[in-house]
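As structure tokens, here come the structures.
Two complexes follow with chain A in common, the first pairing it with chain B and the second with chain C.
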Partner chain A sequence: MMSKIVRTQANFLYPFILIFGFYIVAHGHLTPGGGFQGGAVIATGIALVIVAYGYDRIKSWIKKSTLTATESIGLLCFILTAFIGIGTSFFYNFLANSGLLFGDRVSYGVNPGYLNTAGTLPIMNLAVGIEVLGGLGAILMYMMSYGKEVDK
Partner chain B sequence: MSVWDFIITNAPALAIAVPLLGAFLTPLIYRAGRKTALIWVLSVLSFTEFLALLLVYLVNTYGIQVYVFGGNPSTLVIPPDSRGIPIRIIFTVDGMSAFTALISSTIGLVAGIYSVASEKGRGAQDKFFALLLLLVVGMMGMALTGDIFNFFVFLEINSLSAAALVSYRIHGGKAVEAAFKYAVVSSIGALMILFAIAILYGEYDALNMAMIAERMYQTGFSTMDIIAMALIVVTLAMKCGAVPMHYWVPDGYGEAPGEISAMIMVASQASLYGLFRMCFTVFGLSANTHSLGWFLIILGLLSMFIGVTMAFLQHDIKRLMAYHSVSQTGYMLLGVGVGLATLGTSAFNQYGLFAMEGGIFHILNNMLYKGLLFLTAGAIIYRVGTSDLNKMGGLAHSMKFTAIFYLIGALAIAGIPPFNGFVSKLMIYESVYQLNPFLAVVAAIVSMLTLASFLKVFHSAFMGPKLYNVKEVPKSMLIAMGILSFFIVLFGIFPNIAMTYLVAPAAHALADPVGYITRVLGGGP
Partner chain C sequence: MILDIIHILVLIGLIATAYLAVKLRDLMACAVMLGIFSFLLSLEFFILQAPDVAIAEAGIGAGLTTAIFVMAIRKTSRWEVEE
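Showing the complex of A and B:
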């Protein structure tokens, strides 16, 4: 566990890092970035609290098994989204221009970028984001669990 | 639309989607118990095997299958608003792809059955089986894809899952070191392939193999193409373990569990498939296939000879077999290299095609007998606990079936008549002799040395007084070895079955890049 200054800073920054990560995931189809990059940013939030509070306290807050399950669920969401479109073809974008979720049409020409477009792409970005946050989080937790042994 | 129609329409996509879904669900299903997870994994692998057989049937009956991911309909290769470029990921399944997909899914199924007993009681099995399925996905994807960037993605899936599986038995850090070596070598190779893809993409504005091949043919073979070709050919030759780049093979194959060695061996055959696909389909029309073919022939000769002579020095059973896989890869490079060197000349129809059929038949045979030998080595290590040949002996007293299976595999790899190795080796000798007699002489000598080496192993592991009081291995391992032995004998006695339905369509598909390109770009049935 680090000093009170570091912990206060971490407490302050943690929600902003999460929001920034989810922003990158959600705007994956509009701006640079996407599921992987956003998930990695969220995982840095986990890294920050691990560093600030130490592995011993974090392991009761964030469970490794939860993170690995999150990883599997993210992957499943991705492949199931691909499977839903298989009536036409695998990975078919059945939501694009449908008027439903993420289904707005985009007119030709310059525009500021509309969030509610692109069909299955944002959904797949979200799935990848969930997967990467689980996977990288689990990797961090496993690495820190060995780091503790070396300390002693 | 009935279920059957649905499966037939979507077969190329399902062949990777099903094992992918299986891999992602395995860690969750494993929480319900090992037995449930095993049933799930084996049924996914069986269904994948069925899909691969279906692909072979479809390709043999209806010709090349094209599947467009996300296309509406799934056969729409060039959308009307794409200015004539196939922009989506396209799977193109011809005879050679279906052949490679079939051997990949077969070894996956056999390894799955084998690991039911061989991995019992070990930790992290949910991840083991998930990675096993991912390795199948990587091999199948490399075989089926018609998109050069997609090929790179599946190559990465293949390398990463294989590296993780090599390290599964930590073995005091040795297996981890071997896996790290494999991962580093594969990553450097993958970066080289990525660089080559970037060159081709920058030059031709396309990632589809057929489109690249067509535009390359129209604009002529430039210096940048030569650089891209050199990067791709060398990297894939490294991934399949040809000789100057074979240093990762003994470590990787030697430290992995038995069934994983067999699977990585087939994964390297998938890289070999990629090498042939690039040489014939992408560069075949534009490049100088004569010198490219001789390059493969020389790689093949080096691999054959150095592989077998290095195997003589080994006293670790798995490392010995790993060097033999290097040597066997040489036969395939030799056979297909002779086909490539004669492509487009009259010699191709005289003996070049026959040499290619021999080389491709050897891929199938190598999967069967080399897989069987790795499984028997795994069985010996499972019971005896050591891979050192000097410490083994007299195992035939108690492990009778394993001894018989080993003998079948050893005689098949040495090319003794009633087994399948004889057929493909004879085809290679007869055809490469006509290009240059020296090639056939080297191939025959290497075959004899192989026999000597495997008899040495048989003698030190199975013969002699009884040293170990061990039982025969569990049933699931015997079943896995039995399946491979059955096909070794079947294809040894009736080679025509494999020749007609698998090997000849594969060789014809490779030798016909124009047909591949027209089918993808020109529409048609």
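Showing the complex of A and C:
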């Protein structure tokens, strides 16, 4: 566990880092960045809290099994979304221009970009974001769980 | 013109932080220097118009690897010792 200054800063920054990461994931089809980058930013928030509080207090808040399950769920969502369009082809974008979820048409010409477009791409971005968040969080937790902290 | 000056300053900062990361004896300072190196590298990617790579570099390089270095240093020794 680090000093009170570090812990206060971590408490203050943690929600903003999470919101920024989910923003990058949700706007993956409009702006730079996508599932991987957003998931990495969210895992950075987890890393901040782990470094600030130490593993002994963190292990009751964030479970390693939850993170590995999150990784598997993200990968399953990705492959299932790819398989739903198998009637035409693997990875077929069956939601685009359909009027359903994320199914709006994009108007021609210069526009600021609309969130409710692009079909299955936002869903796959969300799946990759969840998967990367779980994977990198699990790497951090396993890295933290071995060995003992040395007092200096 | 102003972009060229920023570009050259970023490159000088990259070399300086890489040199300090090798030379310093305090390993925590070395980890922070590598974090600054990754941040400047992401700035360089952004100047070269690759914002996608810049976000990945800022998240992985400046965030996660610095955290892993800090964890490893807290479980071993903070100061580099002569053999």
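Everything below uses one rule, namely that the second predicted complex is superposed on the first by the 146 of 152 C-alpha atoms of A that agree within 3 Å, B and C clash if a C-alpha of one lies under 4 Å from a C-alpha of the other, contacts with A are read in each partner's own complex, and residues count from 1 in each chain.
In this section, a contact is a pair of C-beta atoms (placed from the backbone, for glycine too) under 8 Å apart; a residue touches a chain by one contact, two chains touch by 3 or more.
What you see is a predicted model; the values in this text were computed from it and never measured.
S.K.: According to the stated criteria, A:50 is in contact with first (chain B), second (chain C), both, or neither; which is it?
M.R.: After superposition on chain A, A:50 lies in contact with chain C alone.
S.K.: What is the contact status of A:121 with respect to chain B (first) and chain C (second): first, second, both, or neither?
M.R.: Neither partner.
S.K.: Looking at the overlay, what does A:83 touch: chain B (first), chain C (second), both, or neither?
M.R.: first
S.K.: Of the two partners chain B and chain C, which one touches more residues belonging to chain A?
M.R.: Ranking chain B and chain C by residues of chain A touched puts C first.
S.K.: Is A:141 touching the first partner chain B, the second partner chain C, both, or neither of them?
M.R.: After superposition on chain A, A:141 lies in contact with neither partner.
S.K.: Which partner does A:93 contact after superposing on A: first (chain B), second (chain C), both, neither?
M.R.: Touch partner of A:93: chain B, not chain C.
S.K.: Per the contact definition in the header, classify A:58: touching chain B only (first), chain C only (second), both, or neither.
M.R.: neither
S.K.: With both complexes superposed on chain A, which partner does A:33 reach: first (chain B), second (chain C), both or neither?
M.R.: second
S.K.: What is the shared patch of chain A, the residues that chain B and chain C both contact?
M.R.: No residue of chain A touches both chain B and chain C.
S.K.: Touching residues of chain B toward chain A in the complex: what are they?
M.R.: The contact residues of chain B facing chain A are 10, 13-14, 17, 20-21, 24-25, 27-28, 67-74, 89.
S.K.: Would you pull the chain A residues touching chain C in the complex into a rising list?
M.R.: Going through chain A, the ones touching chain C are 24, 32-34, 36-37, 40-41, 43-44, 47-48, 50-51, 136, 140, 143-144, 147-150, 152.
S.K.: What part of chain C is in contact with chain A in the complex they form?
M.R.: Against chain A, the touching part of chain C is residues 51-52, 54-56, 59-60, 63-64, 67-68, 70-72, 74-78.
S.K.: Inside the complex, what are the residues of chain A that reach chain B?
M.R.: Per the stated touch rule, the residues are 68-69, 72-73, 75-76, 79, 82-83, 85-86, 88-93.
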